[in-house]
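Each of the two complexes below includes subunit A, the first together with subunit B, the second together with subunit C.
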Partner chain A sequence: MKISFPYMGTTILYKKLLEILGHEVIMPPRPTRKTFDLGVKYSPEFACFPLKVITGTYIEALEKGAEVLVTSGGHGPCRAGFYHEVHERVLKNIGYDNEIIVFDALKDNFFKVLSSFFKIKANNSFAKVKEAIKTVYKMSYSLDKLEKEVTKRRAYEVTKGEFTTAWRKIKELYDNKVFTSEDVEKVELEAYELLNSIKIKEIPEQEKIRIGIVGEIYVVMEPSVNMEIEETLNSLGVEVERSQYLSEWIEFTLVPSRYSKSHEYEILKKADKWLEIGIGGHAKQSVGFIVDFYDRGFDGIIQLMPFGCLPELVAQSIIPKMSNELGIPVLSLSIDEQIGNANVQTRLEAFLDLVKSIKFEKQNKSNIISLQDIINRNRIANRTKEGIL
Partner chain B sequence: MKIGIPRALLYYYYSPFWKTFFEELGIEMVISPKTSKAILDKGIKESVPEICVPIKIFNGHVVTLLEKDVDYVLIPRMVSIKKGEFFCPKFMGLPDIVRHSIPNAEDKILYPQIKTNSDNLAKATDILQLAEPLGLSYSELKSALKKAGKEWARFNKICKKGYLIPEANKLMQEKLVKAAPRSGDITIGLLGYVYNVYDEFVSMNVYKRLQDLNVNLVTFEMIRNKDINKYLKKMPKRLFWTFSNKLMGAGHYLNNNPGIDGIIHLSAFVCGPDSMLGQVLESETQKTKKPFMTVRVDEHTGENHLITRIEAFADMIRNSKKKRRWA
Partner chain C sequence: MKSIFLGIDVGSVSMNIVAIDDNAEVIFDLYTRTNGQPLEVIKKGLFQLRDVLPSTYKVAGVGTTGSGRQLAGVMVGADIVKNEITAHAMATTFFIPNARTIFEIGGQDSKLIILENGIVTDFAMNTVCAAGTGSFLDHQSERLGVPIEEFGDLALTAKRNVRIAGRCTVFAESDMIAKQQYGFSKPEIINGLCEALVRNYINNLGRGKRLQPPYVFQGGVAANKGIKAAFEREINDKVIVPKYYNVMGAVGVALLAREYIKETGYQSNFRGHEAVELDFEPSAFECSGCSNYCEVIKVEVNNKTVAMWGDRCGKWTNSIGQVG
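Right, the complex of A and B next:
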């Protein structure tokens, strides 16, 4: 059975899992303008942007010959849990009658998850499935570790583009060389050698700028949707870390809480003061990660969200006060099919100027302009852009 | 002591409940005035630009109440009133939005968590935690809750007899309420959340305008729970949001009811739950060939376009009805 899936983050992980289990994988193409257009054309007008992109991806994958689509479900109250229902209707409307296999959370619909599991398991033995899961689990950790390294070092590369090329090569390495969980370590060593061979500029510690990215999981994790924001920031000479990584998502969502060693529980605790209950999506994580990045000495935060995202809007409402109280600048960017590269680039550059001026003023302790003033100025500038003032 | 209640969001659905509750406790209740441009502008100033207009209006009402020198503003944190279903994330985070985005709101809001399994809030035990800030005892609150629950059930029953919420509120004094008279020549299902349909400012009085056009209206509050649930049970996966599910069930019911001539879906711009609901309703009504129209409102909507559209919709229905009669 030819399987495909939504395109998000390091997609070779899903590919690997399905391949080890002996399925033929139709790799969904990386989302492009064409994908967005297809998605926008067929999705409900006010659906959130990730739904539209995934609609486009599904159509492209089905055109490439996929027979079955695999995706994750959800239990609300964020819209994402209802995606597959809408997708099924949309695809049926344009004449695709393909099956979508959904993995809901185990506790919501045990039997459906079980039946989905057996569809994917096919004729493989349980031992093989276990090995496949173990391999992918290890791989996700290893890849995320490397990616963090890339988005850190890329800020200081001597020749532009070397790390991006290396990162692509690393993903190919994992794709071609990892077949069992033992392979992961060997390949990881190789990957590190590759990264270490790239020349980087020496920058004194106090001049390094670190930016944390928080927000809705899809737009945070998928570079083609957020206009390669990490790469753009790196090219402007700052280190970047995200709130969402695939390994963290697996640890938090799929591993039962009793065995999970997820960092996210701590993060949620940090958000308690601001957002008392979980309200779906990743709003509470976004808020928690802002506190976490602040605690770890980051210099600025960027919040990414799809236009009209329900949970992230709640987080966005809280952010101005957080930014004021913690004294860390935050830029909120909402993303949809109409956003342009130049717009984002300009806003990022302006934001980084602000971050730098705050940082260096703090270091020089010359209190000509207080921190508060700068943040207020930033807020006003932001709001002017959004069209309030 | 004065408690402020914002006339926004679920106020329209639960006003008899809170009214009785605070009357029983002998606490003065200050309800913010009807939504106006001034209130909306206050709300817009304190809200993020992208958020939907009902939340902006709500914020405006909270600001207005705070200016009025109330001791507290009541903002229940609506989490769930049905097992396995929730409210829109914005409702769940509403107290957090208010206390972190409106200046001076932090210590002035009361936000009991509503997590129960019935539309009737009498069993939402978290409301009892209000005892401390209100300076009353648990038992007093308990009996008030019970009384409020009873009143609300009566109100709900009146609605089911075919009355819109403002009409039902007026009929609360009467002992015996007859079924609503139906004088119009066509019947239209008006689907929308209470805070869109009954907020005269944002909906620009759509229900009164329709009534003036000699149209009978059916809203989800008038439809029996049994009928709503009958269609919901057939769905493979329900929506996560209680009121959206009610609209969904009501929509299916109206769609398959030959007595209904058309359906209008009233929705706010960028409403997330409605983006899913609307898509389903639209494809379902296409199957039965029932006239269906979506009216989307926000802070910029002009009145004229709304009037033109609903008049045209009513005319179209009348014409096709006439044609059918002659055919």
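Right, the complex of A and C next:
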């Protein structure tokens, strides 16, 4: 059975899980312009951007020979939980009669999950499945830890592109060398060696800028649809951390709450003051993470949302009040296939100028320091990065 | 030898050059339409500047801004390349230090900048649509057969108010024709258009933001008295249009260049008026190194590549090596 899946974040995890269980995996291609075009062409016009990208991904994976698609379902009023139904129909309309195996949340539909589970389990023993899950679970934590290091250190890399190359190598390492849960530690050590060998600039602690990214999970997690926003921000000299990571998602969505040690429960509590109830999607998480990033001393927040995403639009309307009260700047970007790079670049640059001037003004309580001085200090630091020759 | 600092703002509709002296006095300012040929216009502008300036002046620093800032930066040898939001804020706080709200309307984008103690604390920029920008008015002026320069004065003579749907340039036309049938005069229609633009602007950009006086209105569209009046009616307060309203971006980046050079003591990278005559040939190609398919921009002079950008991995940018 040739299996494929949607492309989101560190996809080698899904690949690994299926491979350990002896399935033949058709790796979906990383979303590109072509994927967007296919998705936009065949999806309902008013569906959100992630649904369209995934449609495109499915078509490309099926063209590559996939027979079965595996995806997650989920719950809540956001349409994401219903994606697979729509996708099945869209694919049927263009002539693909393939099965989509859905994993809903365990607490929603136990028996459906069970039946999906047995399809994936195939002839493997329970012990083997347990080991496979354990391996991938450990791997997700390990990879996310490393990715956080990358998006932190890349801001200060001496030679542009070194960390991005290293990150790609690290993912290959995990792909080629991890087969059991014991392998994870060994490979992790190797990965850290790789990261530590990269030269970085020394920047005084008080001049470091940290940006938190919040928003809808797909556009936050998948760099190919958010124009590599983390890398772009890093190249402008700031550290980045996201609200969503795959390990967190697994912990929160797939692990029964009794056993889950998810950080997300705490995040949701932090959101209570601004948004009492869950309104679907990741709106409450977005709000909670803004508070969390603020508590952790981040300097600015960027909210990413698919164009027209209702939960995130609600979050966006709460943001001005939060931003005012907490005193942390927030930039909202809405993403779809129409988005222009130049416009985003300009807004990111201006936003970082704003974040920096606010930060440096706070440090200089005398308030004598002018906008000119601040901009200039940053200019000097960024001089080489803006491609002035 | 006196030092001057240049600011060049390459926008979608206009290209502006400003020269300031050591004391930040504006000694030269030029606003020209690009007509889709930014490089040619920059060349002409720099020659114009050379002809006007006495030979005792020396260019000590250059900054570029606007959507064409990178290419212009390579062409003239800029010391700093800055986004237009920061540049505009810089200029405004220089002339009007206590400004709290900046309305900036250019050819294809409009910005709203909120300041506190001279520091930008919030901003908004139009994203998906150019309704509420200069181009919208340009199109309507063509349709009505009224030169854009006369728009503002005509709008002020309107006797009645008429509401025109201004969200979409295309639908605005059908609405305009409908309103003409109702017997509204040209000035009234024009005034309606000005109000539609302001309404769009406030609805799109001002959403959720607290606007506080003093208000400053700049950008090419600030030449239009009708829009200024419409803003004043909308916010119920006085709106200041600064003297160099149409070249504020260029002024801002010239100020930034001046500060930058003063602080670092660097020599300017300025290529000189003559060097600009070299043939700069920008071209773009799609890199096939990975699935990103980045659109890489390459600038050549005499078949020699002088600059490349647009690649995510730095493969091409780094291939030029350290220049300047």
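What we mean here is this: the second predicted complex is superposed on the first by the 365 of 389 C-alpha atoms of A that agree within 3 Å, B and C clash if a C-alpha of one lies under 4 Å from a C-alpha of the other, contacts with A are read in each partner's own complex, and residues count from 1 in each chain.
In this section, a contact is a pair of C-beta atoms (placed from the backbone, for glycine too) under 8 Å apart; a residue touches a chain by one contact, two chains touch by 3 or more.
Predicted model, so just to flag it, every value in this text is computed and none were measured.
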A:94 contacts which: subunit B (first), subunit C (second), both, neither?
neither
Mind working out whether A:255 is in touch with subunit B, subunit C, both or neither, as first, second, both or neither?
neither
Considering only the touch criterion stated at the top, classify A:334 as touching first (subunit B), second (subunit C), both, or neither.
both
Is A:203 contacted by the first partner subunit B, the second partner subunit C, both or neither?
neither
Could you tell me if A:122 is touching subunit B, subunit C, both of them or neither one (first, second, both, neither)?
neither
First (subunit B), second (subunit C), both or neither: which does A:32 touch?
second
Check the residue A:277 against both partner chains and state whether it touches subunit B (first), subunit C (second), both, or neither.
first
For A:320, select first, second, both or neither according to whether it touches subunit B, subunit C, the two together, or no partner.
both
For A:189, using the defined touch cut-off, is the partner it touches subunit B, subunit C, both, or neither? Pick first, second, both or neither.
neither
Please report the subunit A residues shared by its interface with subunit B and its interface with subunit C.
307, 317, 320, 334, 383, 386-388
In the complex, subunit B touches subunit A at residues 44-45, 47-51, 77, 79, 85-90, 92-93, 95-97, 100-101, 113, 236-237, 239-241, 269-276, 278-280, 283
Residues of subunit A touching subunit C in their complex?
29-30, 32-33, 159-161, 164-165, 224, 228, 231, 307, 317, 319-320, 323, 329, 334, 338, 342-343, 345-347, 349-351, 353-354, 357-358, 361, 367, 370-376, 379-380, 383, 386-389
Along subunit C, where are the residues that touch subunit A in the complex?
67, 70, 73-74, 78-86, 89-90, 93, 109, 117-123, 125, 127-128, 208-209, 255-256, 259-260, 263-264, 269, 291-293, 306-307, 309, 312-315, 317-318, 320, 323-324
Where on subunit A is subunit B touching in the complex?
44-48, 75-79, 81-82, 85-86, 89, 93, 274-277, 279-281, 283, 307-311, 313-314, 316-318, 320-322, 332, 334, 383, 386-388
